[in-house]
Each structure stands twice: as structure tokens, then as C-alpha cells.
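The letters A, B, C and D name the chains in turn, as written, and every chain counts its residues from 1.
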């Protein structure tokens, strides 16, 4: 029976996470006590404060490399870089949450989620300028969970973080003001499948615990090294853990939920999921595979290799025939998850480990920024009942609103990975690492996949520029300050990281450290 | 035979003006636009006359050169200097090119003057003279070039000019087509010439006459033969020899002076010039020479036979040209013995054929552009000058004793016999037979045109042409009477050309010359008699008789030459083109579009798996999980 | 030679101006035109000055500038030109003002029922941006930088075709973009591979052309990398069977776009052969040369036959270009100084003559409102000047001696005859076909009786003469006196041939070729 | 008796849960099946704790319970809201989002 002396906790190292979670808790209290007319502004301020504060904290903490809270949480380059990325992208998403200018009813979120759709009360509130301000603390919780997820060095913490990030997301997925049925449906689907997946993860956890007697990644590695990891428990456990993570990252063949949820959820939430969740999930994947199972690469490498291919191909091919912008971006995210796995593969070789890791980090950042931007543009294009996401509505957008079309084109080219955009720099970094690692067949496939993917990005450009505008075309809303900031930041980032990426590349280079 | 060319100096250094003057004329006329319409023709004639004067001066100066220095070259500027390849634009003036520049500028000038009248009513006369100048310039460049590349430039320039002139009346589809045909068939020949140039560079590293001829002796026999045959191909294209003869008669679509220029003075003689100029190469290849003679023989018989069947006065003259050029090829093919003779015939032919064409033009001029001889007849009385000059040209052509044709043609037949062996007899015999045929069709032409009862259309009012047209005809007729005599006895061409072709070998006569000329004269007489018997003695039907012997049918269809080209090249070509277009659209492009469609289809089908049912998604996840686990276990334990 | 960063100026100037145009109000058409034309003329002047200042006997790369860009990737923003790149930049400088003249009213009728979605401002903005990127492609001496421009230049051309093109412009634009993109991505794999190789060879990875030229790569690996580059360039050039995007793009693009597309943009492919394939992968180049020559000769004959089969004038011209690109490829892969020089000169000449041809066809279309050859006839009776220009451009396209194309075609054929007599002879047949397709088109449109539709045609106006005459003049001048260009090109080609291990090689080294 | 049996039992329970998710239509039942899976994991954890002779597993079980409870809260909320709209808790009715 070990003594139960409390472990030492480096609060400084954990500051980023703690700040966000604190902000979230405060938010709950405000919901409880602050008068309604104040809530919105206070909540927005608080949520932004949390995320931006976390970002600042990351900058301050940067440089530490340690394990804290009884080795449960890592405070190292990778963790901090990812926490910073999540905080930044989270802040941008929060800004999109806070947009009031676009929807006539002042918010993208429902006034009262509890009311049944179409009920008289619901109709009464439909145009009312209220909304569920709980979304802000919920989002903060989710962001906090993600940051912890990416930093956790312990399967149990990882699981808890997984739930902390998931549960709020399930809820806010269902809180769209327009098209509530779709929104609720996406919530149900996400929830059921999500908890299904976490059950797998949990079972995997249990098996690994059974194998190594611990859920600490470091100890798992050692015991794996000790007993040659030749145990069915070990292998099955690892498999189930990976399944759980692949689900969160929305990687084929565990992507089924992605398109539906992305389409149904309120667009700001979709942005949050597409950008932050992916970053967090990949953070967890990197840590799990390289810290926990780094010594038994040969078990998982071939599998990740093939899954990367599947994901790229499925995402690219299914994207071709999509007719809904958000769905299209969902499949694009599936394809990009595949590209990211190429980077994950490239970590393999010890000699080039740093490069593979750093390129993956960089890719995550660029992809997140571009995607958030893309969804931000989606929120601008609206018609009678909310956003006009059907492709046909986008015909001739350029002649209606050249600027919007231009910005969207920039993001699309970025996603397609054309030179002089961040997307190209990221792809280049990842592919270079992969070829360095001898995985050139994978790279060739990736290139072909991105060629196919380019087709559906181009399709949207063709629609916007080369098609005459449709009669009952949508109106392009004039964004308020928040969305404007989001668009400005993401567009600038997409360009700058394409033109002069060096500073950020260096940062990723230095951050490419995994302790534990 | 070593030829070294001395650098040109003094007057001889101004040979380049010969080319530049008419070229400038053409440029001025083309760029000048409508404002020059009034004086266009004057500019044209002035430039050519000036050229002629300059040419005479140059030849005089050349004649003044001491023996052994009768070949001067003048390098103007570096054209294509790349590594070992150093192509310069340079001119070579030697007895051979001297003869040609005189012919070209002389006859050219006459034809220009004639055209002033002939084209008097044409609104585009300025353009006409521009093209004519261009033609002369290109031809002069061709004969003055000091290397094969320069020659080739002139060569294609002539092709272009002929294209422009044949298509001068481009509103007539026939004219446009004929012009295109001429250019294309010339291009076929050009390919031969240019490939020869490649071989020269590949083997000798140079393309200038001096280097090529100097190095020729060192070449493999096969190479030389190849060179000879390729050059011959080029020559055939330009000179309308079998198998590339088909364009020449069609070229009659152009205005008559053009025909005169093409057939007498310039274009068609280019082939003869090329072979004569390349004598040092042909001297080295028996095979090549033999082929040349055979081509010549075939062509001259072909031309003579077809010439007998046509009713179109210009077509008949055209085939006569084909046949006469055949004589020249035959001669040059015979090597040192024949070169000078060929050139001699080329000159005399230049005179009388130009005369004949101008005469024909004059007739058409008077008969408002009628060309069907069956609608002529009895014109002798209406247009005396035309009649007389034409008659003289006719006599010269059939080789009436002591007229110019007599000298040149007899000599060719002699040389043919002298070449010895069975081939000698065949060549000689063929040539002699052709002489008879020539006499026949030319007599037929004479009779149908000038003698007998008029068969004119009602609205025809034949009248003599103005002096500006008749004077050149008179001058040419004088030439066709005396040229032969002069060039043999007074001013022996053979001696003049000796620096180029070397001394004429002392021929061992197989048949005594006198016998040959007597025989020839007899054959010619027979031909004339036959024509008289068949044509003059009975009424000439307005419509050509339909039920005639297959021979005549074939001849009327120019022995199926065009039919052959159509069925062997044109139609398969069109078919191939269509096939290719289909392949490209359906095949190559289809493959790509098919791939795209395939991806789209796959995508569409895969989409269906996204059913929207949570439980099916869960199933896919469970399946995935199982697969992953199994894979892991497999990797691990298998 | 002054130390001004010429190349940088050449690129930045149009780029800045291009974006600057967006600040000009949409409807100030004259201002927009003037700015664009002015800028392009300045570029032309600078390019001419560079050509004069260039020392053929000097170092291989001149006007060299190099700035640090992305050290982490070992990428430098390195510019410099050898004789080959220089003449191409000169060609760009020449063609862009001409194109501006030809596109004087492009987009002026935006939206007014024309179905075209672009405005004049955007057209000229894209045009200037395209010019900048094109110059960059030829001036880059860092392969990463080259690749960036190689891909980036697709975007402006894509919008030029898509927003200002003909009825099927969407299809054409996407087809063009995807073809090039696929090629580019395959090349990207090779580019990265090359980098990794250099990392293993020299220690740290680099993209510098000169450094990469010196490392020796294992032949088998060379083949793989070579193919990556080759496919990209073969699509761009385009060689049969990668060509089917060109007729669509060429036919649908606005005339100005078509001129730059075929005249310059496609040359990047053949330029890439010379600049990258040969020097970087000499062994692979030699190994693949025979196969590529087959493609080249195939392209010459195939392109010519297809050109004859076309009924659409613009498609016809596009197919003639495919034949011409066959000649260029033949010259590049014959590995002789003459052929190589001929190929480079061919790139310039083709830009001029085909550019002129496209412009004139465009004038016809602007008058007759139809691309179908059959709708014209007897035009030369109505508009003699136009007809004359057409004939001259056509003659240049069929390489008549005295026109510019003759020199290049002669050099290519003569140069390739030594090592590959058979290919050379087959290619020579192509000049007959060339005469056929040009004269066929000329006869059908210009000759014959005047078609009613043609009756009202106006002859060339001042503006048309203004932008056409320079090209026509050059056709003659370069046909008579090509020496200045040859002197610039030859040393660069010699250097390239030295890289591929064929130094001093000449057609003469070949056999007698008496077959 | 050896603890392995408990592992087997847990595995069986987990499978039953997973299958249940696939075959049952009612969202509530589906959700209960997921809970079953979680609890089978708890059993596994506890068993392993016993085998390894440490308490960690048992502590983890508590974590899992808490998380499961949280899940119930969220899950029931979502299911309830959609039930009140559609008057049906069948997961198959919710398939507006597809393809």
C-alpha cells in the first residue's frame, strides 16, 4: 500500500490549461448570477480573456521541459506549442461565437435550446435577440480539455481530458439558431458515436493497464521494452487506444461522423471542432505513439501508413461530389488528417525525428488557421434561413462581393497547397520529412490525392468567379468586428506563412521536443 | 576539278545589288500601297532594266578577268554561326551564274515590259509587279549564292513568289488551289535538298560550294549517291520533272506573263542549274547521273505525249516545257559531255518558250482570255506580228534547221547516243522520238490557232496587241532565231563555261553527228507531216471527239498523273487526318476525361455509404476497430 | 554591367503595378490601360538593356542576386540569367505590351450579356502579375523558387482563361489548371527528393541550381527524379500524349491570354528540359533521350495532321504549336550544340510567329464573330493588309527561309541529323505538312470568292498595326540576321551540353547519314 | 477461482454492449449499451488491479464512473431535446444529414 502523499504540481507549467478552465468555471457562475442583459458581453470578454490569457501564459512558460503532477501532464515544447495553437484557434472560434452582426437575431445560437423545435414558444423566440450564453463557458471547457488532451502523459488523464473536451462539444453542436433539427441531429450523432469511441479508448486503456500495470506513458514504454511487448493484451490495447484517437481526429475509416456533424453544427462550432479538436487529437496521437509506444514502432507503423493512405484517398475522392460547402470542408479535413499522418509517420527515424515532429506541428497550425478562416467566410454567405451552404448558392459570388470571394479563394488555394500559401509550406515540410524518412511512395500518393482534392477546391473557385450569379442568390453579410478580426488574422496568416514562414518554422523546430 | 573562288573586288563586288534592287522594288511596291498604283509598273520595269544593265556590266567585267580567275565570291555577312556550323550569306559570280543572271534579268525585263500592256486593265497591277520583282530577286539569289544554304533561301523564295503569282487571281478557287499545289510539291522537293544539306554538314562540316566540292572526293560512294539523288529530288520539284511534274501545268492558272517567267527564264530552270552547279558531286556518282538521265527521258516523253492531247493552248505549251526541261535533265545527266549542252538548250529554250508564251498571251489578249484552241483558227491574218513571232518560236522549238532549237536539241540527242551502250541507244532513241512528237503537237497548235477557218465565239473580236507587248515578242523571236547559232559559233558557250565544268571531253561518236541531225530532221518532218495530215486536212470539231483510242484518253488525263497523286497521297492523307482527329478526341483526350469521370463515379458511389444512420456509422467504426485490431495482431503474431 | 538588381526590379515592378491597379476605380479604363502599357514598356526597356549589357563570354549566370528566404528549407531567393533565360525574358518583355495592345478593350464589356465575368481592371492586373511570375520562372536559380513560380503562374492564367475566355472557358480553365497542377505535384516529389539527395551528398540540403549541378546522383535514382521533372515539363510544353489541354485552353483563352500561354508559358516546359533535366540528370537524360525523341517526332507529325483536321482557327493554331514543340524537344534531346541552340532560338521565334498568328486570327474573329474557318473566305480582297500580315505570319510558321523560324528549324534539324538521322528525316517531313496546314487555312479564309459575311470587314486600324508591326518586323529581321541572338544563346547551350556530358558535340560528329 | 474469468466476462459484456449499440433503435437503449461497455471496462480495471496487486485500477474505476455520470447528464439532455421535437427516440429517424 503506497503512501498517498500528494504529488508536487508545477502550477506555472499548467498555467495555460488552468487559466482556460478557470475562465470556464467563472463563466458558469456568471450564468448563474449575472443579470441576463450583461451576460453576453461578460461571457465573451471572459472567454476571450481565458484563451488569450492561456496564449500569453504559453509564451511565458515556453522553454520548460518537464513532467508534472506525478508525471501525469507534460510541459514540453510540443505540449506548449499545441496548447498555444489550440488557445489561439480557440480564441478565433470564440470570436466567431461572439459575432452579432450577421444573424438578424444577433447570434448564431439558439435562444433556448430546451424548447422543442417549431413549438410556439420557439417560434416566438426565433427572432428574439437572446441566446444561450452558456456556449461560452462550454467552449472554454472544451478548449481547456483539448489543451490538456494534447499535454497528458497519462492514459487516464488523457481519457478525462477527452471527455472534458467532448461533452461540451456535444452540447453546443445542438445549439444552432437556424436549422435546429439538423443541429440537434448532429449533436445526437456526435454524442452517441463519440461516447462509443471513448468506450473503445477506455477498454484499450484497461488492457494496457492490465499489461503494464500502469497508465503512465513512460512506464508503459519501459514495460513494453522489458517484455518485448509480445503480449496480445498490449497489442489489442494499443489498437483500441488508437481507434479512439483516430475517431477524434476524424480519420478514415473512423470519419463517418465528421461530414454530418460538421454540416449540422453551428458554423462557429464546426470551426472550433475542425481546427482545435484536430490539433488536440494529433497532439494525443503523437504523444501516445512516440512516448508511450515509441519502442514498439514496428507494431503500429505499417498500420498508420495504410490508414494515412485510406484517409487521404477517401477524403479527396468523396469531396469531389459534395454539394454543401461545410460538408466539402469536412471531407477536406479528412484528407488533411491523412496528410498529417504522413508527418506522423516521418517521426519514425530517430535521426530526423525532430524534423518530422516540427513539420507536423507547423502543418497543424497552418491547417487550423486556414480552416477557421474558411468557415468564417461560410458564415458570411446567407439567405432567408441562415447560411447558404449549398454550392449552387455560391455561383457568381465574386461579382456580388469580390472581397469575400477573394478571401475564400485564398483559403481554398491554401487548403489545396498552392505555393505562396501556408498550405504549401506545411505540405512541403511534411513531405520533405517523409521522403527523408524513406516514405516516398506515401508522398507520391499524397501528392496525387492533393491533386484530386484540388479539383473540388477549384470547383468552388470556378463557381464564384466564372459562373454568372444565380437569381435567388444569397446576400453576403457585412461581418461585425469579431468575424472581421478572424478573417483578417487567418487570411494574413495564410499568406505570411506562405511567403515568409521562417520564424514560425524555427519556432516549431525548437518546440519539437517530447519528454516522458 | 579544283575550283577556287577569288574574293570579289571592284565592280564585281557589287553583285549583291543584283538581288537587292528588285527586292527593294518589291518592298516599295508592296508597302507603298494604293498611292503607287499609277507608277507601280514603271518602278517594276525600271528596277529590272537597271538590273539587266548591271548584269551585263558584271558579265563583261567577269569576261575581262584573266583565265583561271573567272570565279569571284563575295561574303556579305555571317548568317548562322553556331559552333562548327558557320553559314555565311555570300555570292558567287562565275561563268555559270553569269549565264543565268543574263537570262533572268534579260528575259525577265522583256516579260516585265510585256506585262505593262498585258496587265494594263488589272486593278492589282502594282501587286503583280511587286511579286514579279520578288520572283526575279529570289531567282537571282538562287543562282548567285555561294553555298547550298543561300541557294536554298533563293530556292524557297522562288517557291513563294510562284505561289503568290499563280494565286494572283485568288478569287478563282482554281488559281488558289493550283498555287497551293505548286508550293506543296515544291516543298516535297525542298525536303530532298535540305536533307542533302544536312548530310553535307554531317560529313563535311560545311555547306559552301567551295568546301563541299573540295571535300566531295573524300566521301563514301554511298554518301555521294545519296547526295546526288536528294539533290535530284529537289531539282524535280522545282523543274516539274516526273514524279513531281503535276503542279507545272496547273500553274497556268496564273497570268500568262507569269507562265512565261516561270517556264522560260526562271523557276523551272532552277533544277537544271542545281544539278549543273553540283556537277563535281554528280561526276563522282555514276548511279546518280544515270537516274538523272532516266528521269529526264521519262519526263520528256511524258510531256511530249500529253502535249499532243490537250486543247488548252497554255497547257500544251506547259507540257512542252515539261518535255523540254526533260531534255535538259537528260543532258546534265550525261555528265561533262552534257552540262554545257544542257545550259545551251536552257538558254535557247528560254528565248523561244518565252516568246511562245507571250505570243499565246497576246492571242488570249485578243480573244478575251479564251484558251481553247478549238475556238481559235485563222488568227494568222488578224494578228500578224503575233503570228510571225509565234511561228519563229515554233520553228525554233521543233528544231528547224539552223534555228536556235536545232543546235541545242540536236546536240543533246548526239550526246545521248554518244553516252554509249544500250542506255545510250535508249536515251538517244527516246530523245529523237520526242523530237518528232514535239513537232507534232506544236504543229497541231500552230494549225489550230492560226490557220484554217475561224471557230471563234460570237463576241470575239481578235485584234493585234499594243506595241508594248509586241516589241518584247519581236525581240524574243529574234533571239529564238539566232541565239543558237551565236552561242555555238560566234560566242561559244562551251568555252565560256569551261572554268566551271572543265574541258569538254573529246566525244567518241557512236553515230556521226551529221547522221543524227539528218535523222532528227527527218523525224521532225514526219511529225509535222503527221500533224498536217491529221489536223489541217480536216475540219477541227468545236467539241473534242469523245470516242477516241485509250491512248488519247490517257493522254488527255495527263497519263493519270493527277489521278495517281489524288488516290495515293491526297485521299489517304485526308482519311488519316480524320482518323487522327478522332483518335485525339476520343482516345487521348477521352482517356483523361474518362479518368476524371471514373473518379467522379467512384465518389458518387462511395457517397451512398454515408447513409446518415447512426447505427451504420457505428457499424463502420466497429468494423474499423476490428480490422485495426486484427491487423495489429497479424503484424504482431504472424 | 551595373549592380542594379535588374531581375528583382523586372519582377517587382509589374507585381506592384498589378496589385496597384486594384486601387484604380473600375471604370477608369484609359487610366488602367495607360498604367499597364507604361509598366510593360518599362519592363521591355529594362530587358533590352540587360540584353545589351549581357556578356556572352562572361560567367554562365549574370545579373545574379541572392537573398535569404527560408533557411529552414535551405531555400534562397536566388535570381540570375544565362543566355537562354535572358532571351526568354526578352521575349516576355516584348510580348506583354503587344498583348496589352491586342487586349485594349478586354473586359470593357464586362457583364453586359457577354457572359464574361471579369472586368478590364482585373484583366490587366492579372496580366501584369502573370508577367512578373513568368519572369520569375525564368530568372530563378533556386529550384524551390522555380517551383514556386512554376505553380504560382497557373493562377493568373487560370483566371485569364476562366473569366475572359470563350464559351467553354470553365472546362478549359479547370483542365489547364489540373493538368499543370498534377505535373507540378509530381515534380514536387522530385524536387524534395533532389533536396534530400543533396543533403546526403553535401551535408546540408540545398536547392541552389549550381550546387545541385555538381553533385553526382546514382543513375537509378536519377531516372526517378528525372521522370518527376520530365512529366511536369512534358505536360507544360506540351509533348504528345500530354497535350490535350492545350487545344482547349488555347481555343477558349482570350487572344491575349492565348498568346502568352502558347508564346511564353508553355516554353517553361522546354526551358525546364534544358535548364533542369539535362544538367541535373545527365545520365538519365541520355538514357531516356531516344524515347523522348520518339515522342518529339510523333508530336511533329501528329500535331501537324491534327492541325489539318481542325475547323476552328484557334484550335488549329494550338495544334500547330504542338508540332512546333515537337521540334523544340527534338532539338533539346539531340544533345548537339546546333540542335540545342536551334531549340532555344525556336522558343523565341515560335513565340513571335505563333503570337502573331494568334493575334491575326483574333482580329479575324473580332470581325467575323466566329472561330470556324468555313465562315470566312475571300477575306484578302476586302482587307489586303490583314491578309498580308496573315500570310507573313503563316510563312514564318511554316519556316520559310528569310523568316525567323527557318533559322531555328534548320538548326534543330541539322543539329539532330548527325546523331539521329532517321528522326531528323522524319521531322523534315513535318515541314511539308506545315506548308499544308498553313496554306490550307490561308486559302480557305483569304482566297476564293468573297463570302457575304466577310464583305463588311474593315482593314487593320492604327492600333492593330501598332502592336502587330513589331512582330512582323522581327519575323523578317531575325530571319535575315539572327546572329545577335545566336551569340547570346550558344555559350549557354554549350555549357548545358557540357553538363550533360556532350561538350563540343556537334551534328558533324555523327555518321555519314547516307541512308 | 482465477481472475481471468472476470476478464472474459468483462470482454463478453463489452461485446454485448457494442452489439447493442448496433442493433437497438431507441436512443436511450443505445446509450445504455454504451454505459454497459463502460462498466465492463470498470470490471476489467478492477480485475487487473487485483491481478497486479495495486489499487490504481480501482481508483480509475471511480474516475470512469464520474465521467460516465457526466456523460449521462449530457447525453440525456441531448436525447431529451430531440425526443421532444420528434416525439420519437429512434436513432434511425434522425437521418436528415447524409451523403
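Heads up, the rule we're going with is that contacts are C-beta pairs under 8 Å (C-beta built on N, C-alpha and C of every residue); 3 or more make two chains touch, one makes a residue touch a chain.
Keep in mind that this is a model prediction, so the values were computed, not measured.
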Identifier of the chain whose CA centre is least distant from the whole-structure CA centre: C
Remotest chain, subunit D as reference, centres from CA atoms: B
Cα-centroid distance, subunit A relative to subunit B, in whole angstrom: 79
Approximate Å spacing (C-alpha centroids) for the pair subunit B, subunit C: 37
Separation of mean Cα positions, subunit C and subunit A [Å, integer]: 44
Inter-chain centre distance, subunit B versus subunit D - centres from mean C-alpha coordinates, in Å: 97
For subunit D, residues that touch 2 or more chains besides their own: 18, 21, 30, 91, 94-98
Two or more partner chains touched - positions in subunit B: 607, 610, 612, 614, 618
Pairs of chains satisfying the touch condition: A-B, A-C, A-D, B-C, B-D
Footprint of subunit D on subunit A - complex, ascending: 1, 113-114, 116-118, 156, 159-160, 163, 167, 170-171, 174, 180-182, 184-189, 191-192, 195-196, 199, 202-203, 205-207, 209-210, 213-215, 259-260, 263-264
Subunit B residues within the subunit C interface of the complex: 30, 77-85, 149, 152-153, 155-157, 160, 163, 167, 170-171, 173, 175-177, 180, 183-184, 187-188, 190-191, 194-195, 197-199, 201-203, 205, 219-220, 222-223, 225-227, 576-578, 580-581, 584, 588-589, 592
Residues of subunit C that touch subunit B when the two form their complex: 240-241, 243-244, 302, 305-306, 308-310, 337-338, 341-342, 378, 380-381, 388, 395, 400-402, 406-407, 410-411, 413-414, 417-418, 421, 424-425, 428-429, 431-432, 435-436, 439-440, 443, 446-450, 481-483, 486-487, 490, 494, 504, 506-508, 510-515
Subunit B-touching residues of subunit A, taken from the complex the two chains share: 188-189, 192-193, 196-197, 200, 230, 232, 235-236, 238-240, 242-243, 247, 253-254, 256-257, 259-260, 298-300, 302-303, 307, 314, 317-321, 452
Contact set on subunit B toward subunit D in their complex: 607-608, 610-615, 618-619, 622
